[in-house]
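Both complexes below contain chain A, partnered by chain B and then by chain C.
Then we have the complex of A and B:
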């Protein structure tokens, strides 16, 4: 059975690019345009993988990432970070939030900085969910 | 009331990272989320004879804004703040209101109005239109000197000019939410010359004494909330006296409750908050009052 992949990104061009890559690789794409809608979709659709942007309106990818990594009902869902924000800045943000809020949230397994070639994105998805 | 979320409206030419940076003292108050908004004016991409809608120009402008926001966002993310961004082709005020509706910020930061006097007379000032249509406090950011240097400690030494209205009371509650970042606040009331029953010294001193008593009580109230406050009574034209006091005490910004005058009346006669927001050299924090449109 095809696996469901949720794309959370506010940029319609990026969503369209990722959806095309997913469809060409026989995955079922789902889309959300911000962090709040993304969480609603995750709770409703239980995707096999989330491809997540960082800089978005209405609840950034940082908040959603930390929610997904710390909620015991959701932390089994793999995440690919797909963003224009540099990895270095993302990791620093996590460190600052860990210190501020206590605890330590694990680093993302796969962090892709935009733009990427379709093959690179498809390979990352395959690596996570086959 | 705490400032947890800030909406930063920029066209890049007026408000840039240095301005944003000077607002980050709000982290000491409660700030945890910054939302950027860049509104691309419609006429920059509008339909032109022979070329149609300038879609490529829209893409280029949005991407330019996006690159700028990513750079700013990286700095804020590294501080542990949440960041969001909007880039839209739209009209300024309706777009700000749309984003306010979606994001529920506790403060809107905007540059001063660039409309000319005649345009303001007929179309009104952007800032005052915004104040009239939102309940969210608005900071009109200014670069305080000709060399475009931003005030480093924006909340260090504010001046609050009270006219004892209900809006003033709302403003005081807002100020209390900033207690952790305000160094010392100057509280002033301007007695209009027309309010002095007679010009003799005794009468004038009587009025001054009464106003000073009210200010002392307010300062005590703020002191109880943990804010060091100093009272001042001035006499004369409120707009001029507020500006004068701001210079005399070298304040970092002016805080005002916005007027409740009807929109049309205000456009023609002006209001103290409008005039100070538009003309003062100091950044202004305007707290909206009851809507009266």
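Then we have the complex of A and C:
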């Protein structure tokens, strides 16, 4: 049975790109425009993988990421961060948040900086969920 | 010098002796001679201050001696001793310049008085000489000083970088320096003592100066003002000027005005603004790189989707991909235009236009996008505005930027329960400004964001903003001599209001 992959990105261009890549590689794509919608989808559809943008309106990329990594019911879902933000900046921001909130949120499984070739994205998905 | 040495001349030796003794006891120094010839010799060798001589002597008589002495020194005091009633010789002696007369026989008293008189005369003359000499030196010094000062002032006026023009009480030009000739374009020879204030100045400036002179010494010096003057050869020069009213004993005698050419300063100011702007563009580059990367992501993604569409013969994919590409091509175009607008000096191009129509066009451009994101666009146009003279580009671009920002603010609002709306309003305010207002009920802005609103490279939209939108808008409005006002409340929404002066536009219309 095909696996479900949720794309959370506010940019419709990115969504259509990722959706097409997923379809081409026989995954079932799900889409959400922001973190709030993303969480609803996760709770409803139980995707096998989440491809997540960092910067979205309402700061919800980071919020959703931390929720997915700290919620015991959700932290089994692998995440591919898919963003225009450099990894270093992202890690710095996470470290700052860790210090502020206490505890440590694990680093993302895979971090892809946009733009990526379709093959690269497909390979990353495959690596995580086969 | 005190007159103390007296020459006594008389052919009667006893008289010489007696007089000499008497004068010595009075404290005088005396020298004596017994004839005119001897008297002259002694006079030449002893240089007495006063000569007392008998008139009647054998050989050279007193008159002859007097004449000779006067030839040597016309100022010398010579007292003549005459016999009673010798009127003719007395008259001759007077003609020769005798100082005083004593009758024979000589009485001490009379001689003392005559000597005192002579001494007093000598003293006065000496004082006078001293004064005269001093006076001549002082006058020479003063003349030199005045000449030097006047030369210096002439040089000062001549070499001044300020144009200096002075008028007499009839408003005729009396001072007109080379810089003035340079500035007004009229040669010095054609202006000085020929032109009046009305020939030289624009009516406006001439009026200011004349009024200033009329004001009863209230305002002796005009504060510096700026204006544009027209030169003979048709150039317009921005100047800064002031003027002084000149009074002599309370009477108006003229005015002097000073002009400074501001062309260079204005040019430098412009250059500075321009270079600041270029620097700002430089600062924006990092933000821009991010934005450009996003465009690239869109283009790459879109072309991949198109490829898949072609391969699979899937029209939906083709459409989606092609939309992505088109949208991002447009973003490149917009960005380029923003960059050009921002980095280049641009004068508004005034023309007759209908602001309501422009606003309607802008609404049409953003309506679909807004609708797809749950934002309602509404309008409230003042139909009385009709045609105005303005730069339609400025209105279009500014309005589009504000509308896009307003829609973004709605989409960025955490409160999804709100019914989001962007309202655009046009009207004319009480100051005859054409105004348009874009009001949203989106996320609003905190103080931090407000402070940075018009800063280059600032964007609250992450990689989705260039940080150029309001910068460009601000510049366009500034070039149009308009103003932007902002009201915002976090979580409630923002209002941006642009006001453009209509009078200015109308003035241009008449030209």
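Annotations for the structure displayed:
Rule of thumb we're sticking to: the second predicted complex is superposed on the first by the 129 of 130 C-alpha atoms of A that agree within 3 Å, B and C clash if a C-alpha of one lies under 4 Å from a C-alpha of the other, contacts with A are read in each partner's own complex, and residues count from 1 in each chain.
In the analysis below, a contact is a pair of C-beta atoms (placed from the backbone, for glycine too) under 8 Å apart; a residue touches a chain by one contact, two chains touch by 3 or more.
Keep in mind the model is a prediction, meaning the values are calculated, not measured.
Superposition of the two complexes onto chain A shows a clash between chain B and chain C.
Of the two partner chains, chain B is the only one that A:63 touches; chain C does not reach it.
Of the two partner chains placed around the shared chain by superposition, chain B is the only one that A:96 touches, whereas chain C remains out of contact.
In the superposition on chain A, contact of A:84 is made with both chain B and chain C. Of the two partner chains, neither chain B nor chain C is touched by A:71. Of the two partner chains, chain C is the only one that A:16 touches; chain B does not reach it. Comparing 91-99, 199-207, 325-333 or 343-351 from chain C against chain B in the aligned model shows that the clashing stretch is 325-333. Common to the chain B and chain C contact sets on chain A are residues 55, 57-58, 84.
Put simply, chain C touches chain A in their complex at residues 290, 293-294, 296-298, 300-302, 304-305, 308, 317, 320-321, 324, 327-328, 411-414, 416, 462-464. Residues 10, 34, 54-60, 62-63, 84-86, 89-90, 92-93, 96-97, 99-100 of chain A touch chain B in their complex.
For chain A in complex with chain C, the touching residues are 11-14, 16-18, 20-21, 23-24, 36, 55, 57-58, 84, 114-115, 118.
Of all residues in chain B, only 35, 66, 69-70, 73-75, 77-80, 82-86, 99, 102-103 touch chain A in the complex they form.
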